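Reviewing the structure listed below.
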Amino acid sequence: MIDKQINSVAQAVADIKDGSTIMIGGFGEAGSPIELIHALIDQGAKNLTVVSNNTGSGHVGLAALINNKQVSKMICSFPKSANSKVFPELYKKGQIELELVPQGTLAERIRAGGAGIPAFYTATSVNTTLAEGKEIREFDGQIYVMEHGIKADYSLVKCKAGDRYGNLIYNKTARNFGPIMCTAAETSIVQAEKLLELGAIDPEHVVTPGIFVKRLIIVPNPAAESQLVSEDRRYP
Amino acid sequence: MTSKGIVEGWDRAQMAQRAALDIQDGAYVNLGIGIPEMVAGFVPAGREVIYHTENGLLGMGPTPEPGQENQELINAGKKPVTAISGACYFHHADSFMMIRGRHIDVCVLGAMQVSKDGDLANWSTGAPDAIPAVGGAMDLVAGVKTIYVITQHITKKGDSKIVENCTYPLTGKGVVNRIYTNLAVIDVNQDGLMLRELAPGITLEFVKEKTDATLNIHPDLR
Amino acid sequence: MIDKQINSVAQAVADIKDGSTIMIGGFGEAGSPIELIHALIDQGAKNLTVVSNNTGSGHVGLAALINNKQVSKMICSFPKSANSKVFPELYKKGQIELELVPQGTLAERIRAGGAGIPAFYTATSVNTTLAEGKEIREFDGQIYVMEHGIKADYSLVKCKAGDRYGNLIYNKTARNFGPIMCTAAETSIVQAEKLLELGAIDPEHVVTPGIFVKRLIIVPNPAAESQLVSEDRRYP
Amino acid sequence: MTSKGIVEGWDRAQMAQRAALDIQDGAYVNLGIGIPEMVAGFVPAGREVIYHTENGLLGMGPTPEPGQENQELINAGKKPVTAISGACYFHHADSFMMIRGRHIDVCVLGAMQVSKDGDLANWSTGAPDAIPAVGGAMDLVAGVKTIYVITQHITKKGDSKIVENCTYPLTGKGVVNRIYTNLAVIDVNQDGLMLRELAPGITLEFVKEKTDATLNIHPDLR
């Protein structure tokens, strides 16, 4: 029998090892799997490479993970946001590495990782400092840069609801990186607000097919990052 | 020497049944056209297996009842199928992400030839007047984690389909993990072919005689 | 005001020129835009390169287009099917060119065309005759072949329903190549069985966003290719 | 010489309004953060425009009423928005297919510098202690068919933002099609910069003085 449900967020992240590459969903707080990230803080794995569009806000969620010195490298497109304090501070001190990737290239590299594409060419970043050191190549008279697919050991993703096969649906623009990150990780770990019966999601409406999901944990009322930040909450 | 038309060892259903024993609970499986399709019917009770068909369905169910066919719900062989509860539809690029990205656990395919190194030829005779048609075979062997082949051991003409080197154009090189024939179960590993099981009434000598490749014999040969 | 509806299939294909590259959706008859193909036969454009998974059945639809000598080259993965007679005959006579592409590579090349990716690498077809003449390259110890994105001048696609913005939904496995072909053509022409009011498709359930659709024509009761073939019908 | 703090020519809203005149009926448009966001409010009546936000929404509507905000329905600037009837959601890879694949008609962006060749610098000062952050800017300028820039003509320090060559790190080379400043509308074409319009009360001489790049003057300069 297939049942991807895990009983606790602690159990869901228990086997993450030091040095792992971890993709973390979300665009700002929308889609950020805050309970899974906090479980990873409790778990304590260190020297992580984190792939995520941003670096978190305040002192909760991804920012707290970074603040806890568990992340040695960030791969992201926009490491500073309105309430982003932790990453900038560590970065200026040279205590965390940054690989800056244009947002669409980041998305495509993740999708390529999940699709078995080791590399592809894009016009994005050609003639900029972000293309330095990368292979440049002409196709049909236009210049492109070669970019590599990214895979991860784990991905932490948040969605609206899922079933025991791991089929997922998302909520509005909180979908963002979740579907592609599920495809690119050896072990994708998803927190959903609700468990649905098998068949409750119309087969035409499934966004992430269950094949891309390894573990599903139900977190019925996830915390809102902006709420925690406005209350100046800290984790742990 | 086998007389043509006489079935030796396992019949088609039995070959499928034998292969089905190796499909694990929870596996995501893609079944090729022909005998491989029959595997689904023989997976042991208690195992839940999800079937992928590369034309855009995960959670393929059995053939519909007569009169219930829907020409927009078909498998990769273009035959009407059903969808199980918990199924999902997707477009072709997403479907082959599952294949190329190594998300499918097992693919069971037919073969024209399999070599001692696990090379598979199953798409073209290479005949100059043949219409070449590859479909998803090359994607499947390149991307799926485990490739099983189900095939008659010898052709209708009496030639071995298990060979030192394929003479037909390859589908993929070093891709096959296990071969189920009407005579035997043979693993492909680093050292070549490893004979694991014999079909009832089939002798080791007979299999060796019918195989145009060196066979290592597993110590626990059954 | 945005209204992508066209009043007739004839008008929808009227501007297709000789020598165009045309993607035609469908996997066998599922998703095959038979009325649009017949309109293209009436229209008469010649010397077409057609990108489609198969080559049609009997003497209707894509097979009829080929039979009418309008197609000089097919790019497809499986040019012979149970009732495929026209293409094999012309091919054996050397009257039509064939570029044979593995099905997943074909899908990814079309998706790349639509995504602005000129080329990518895949393990599919490595060490086979289909990789001959193509660039081979190693990434992380594994061998890959370089494949190019494909773009088209037009795509002809069938779906279940659409709205005036061109947002589309499909039916079951008839979805197949439709969504990616809409993205890869300069002008995508879609036949839908039904027109829906704007907003009738839940924004979470749209399969093809309207941005990828140029023309929408409502064909309420499309012909079933297998039915026509079983009646030995011919077009024109 | 301009006194600091005195608004010259068009104000922010007027710059957005001027740019909005060039957004055609039926266009798919992506608006950057800041003044570009204001363009949506000024598109002339009778034109139906679809707004794309790269975090996964086509058919972005206006800011919600207070109390109606949803933190899972936001724009690329992470501010709450709404979705119009006929909108759709999609993931990031699909969203950037629209951008990279040249499906978006117009993108309106802010700028730190624009060169005579249409090079754009708008993501980094290149200062050694700055946190570099690029977001989707490089994808947008590389993929969108037409790039409009809205920017103050000069910096708060009094430097021209329209330059012969950008000194800040580039977002893209030769990507800008038209520039709307508080002083003028300037096209970028094969021969460099072409002055098309002057803001009310702004003289040609004044614009030339405030521009650190050669300006060609359109015969129909308004």
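Each chain carries a letter (A, B, C and D) given by its place in the written order, and its residues are counted from 1.
As a convention for this text, a residue touches a chain if its C-beta (ideal position, glycine included) is under 8 Å from a C-beta of that chain, and two chains touch if they have at least 3 such contacts.
Quick caveat: nothing in here was measured; it's all calculated off a predicted structure.
Chemist: Return the chain pair with more inter-chain C-beta contacts, choosing between A-D and A-B.
Modeler: A-D
Chemist: Let me have the rounded angstrom distance from the C-alpha centre of subunit A over to the C-alpha centre of subunit D, please.
Modeler: Going by mean C-alpha positions, subunit A sits 29 Å from subunit D.
Chemist: Distance-wise, how many Å sit between the C-alpha centres of subunit C and subunit D, to the nearest whole number?
Modeler: About 37 Å, centre to centre.
Chemist: Indicate the whole-number Å distance between the mean C-alpha point of subunit B and the mean C-alpha point of subunit D.
Modeler: 56
Chemist: Using the touch definition from the top, which residues of subunit B touch two or more other chains?
Modeler: Subunit B, residues with two or more chain partners: 57, 83, 89-90, 96, 99-100, 143.
Chemist: Send over the residues of subunit C in touch with two or more other chains.
Modeler: 108, 111, 115-117, 122-123, 170, 172, 203-204, 207
Chemist: Please categorise the chain-chain contact pattern as a line, ring, star, complete graph or other.
Modeler: Other.
Chemist: Among the chains present, which pairs are found to touch?
Modeler: A-B, A-C, A-D, B-C, C-D
Chemist: Could you please specify the touching residues of subunit A with respect to subunit B in the complex?
Modeler: Residue positions touching the partner: 1-2, 111, 113-117, 163-165, 167, 183, 198-199, 201, 203-204, 206, 209-212.
Chemist: Of all residues in subunit A, which touch subunit D in the complex?
Modeler: For this pair, the touching residues of subunit A are 27-31, 53, 77-82, 87-88, 91-92, 98, 100-108, 110-111, 122-130, 170-180, 207, 224, 226.
Chemist: Once bound in the complex, which stretches of subunit A touch subunit C?
Modeler: Within the complex, subunit A contacts subunit C at residues 108, 112, 115-123, 139-140, 142, 144, 148, 169-170, 172, 202-205, 207.
Chemist: State the interface residues of subunit B toward subunit A in the complex, per the touch definition above.
Modeler: Contact set of subunit B toward subunit A: 25-26, 28, 46, 48, 50, 52, 57-59, 83, 85-90, 94, 96-104, 143.
Chemist: Can you list the residues on subunit B that touch subunit C in the complex?
Modeler: 53-57, 70-74, 78, 83, 89-93, 95-96, 99-100, 129, 131-139, 142-143, 169-173
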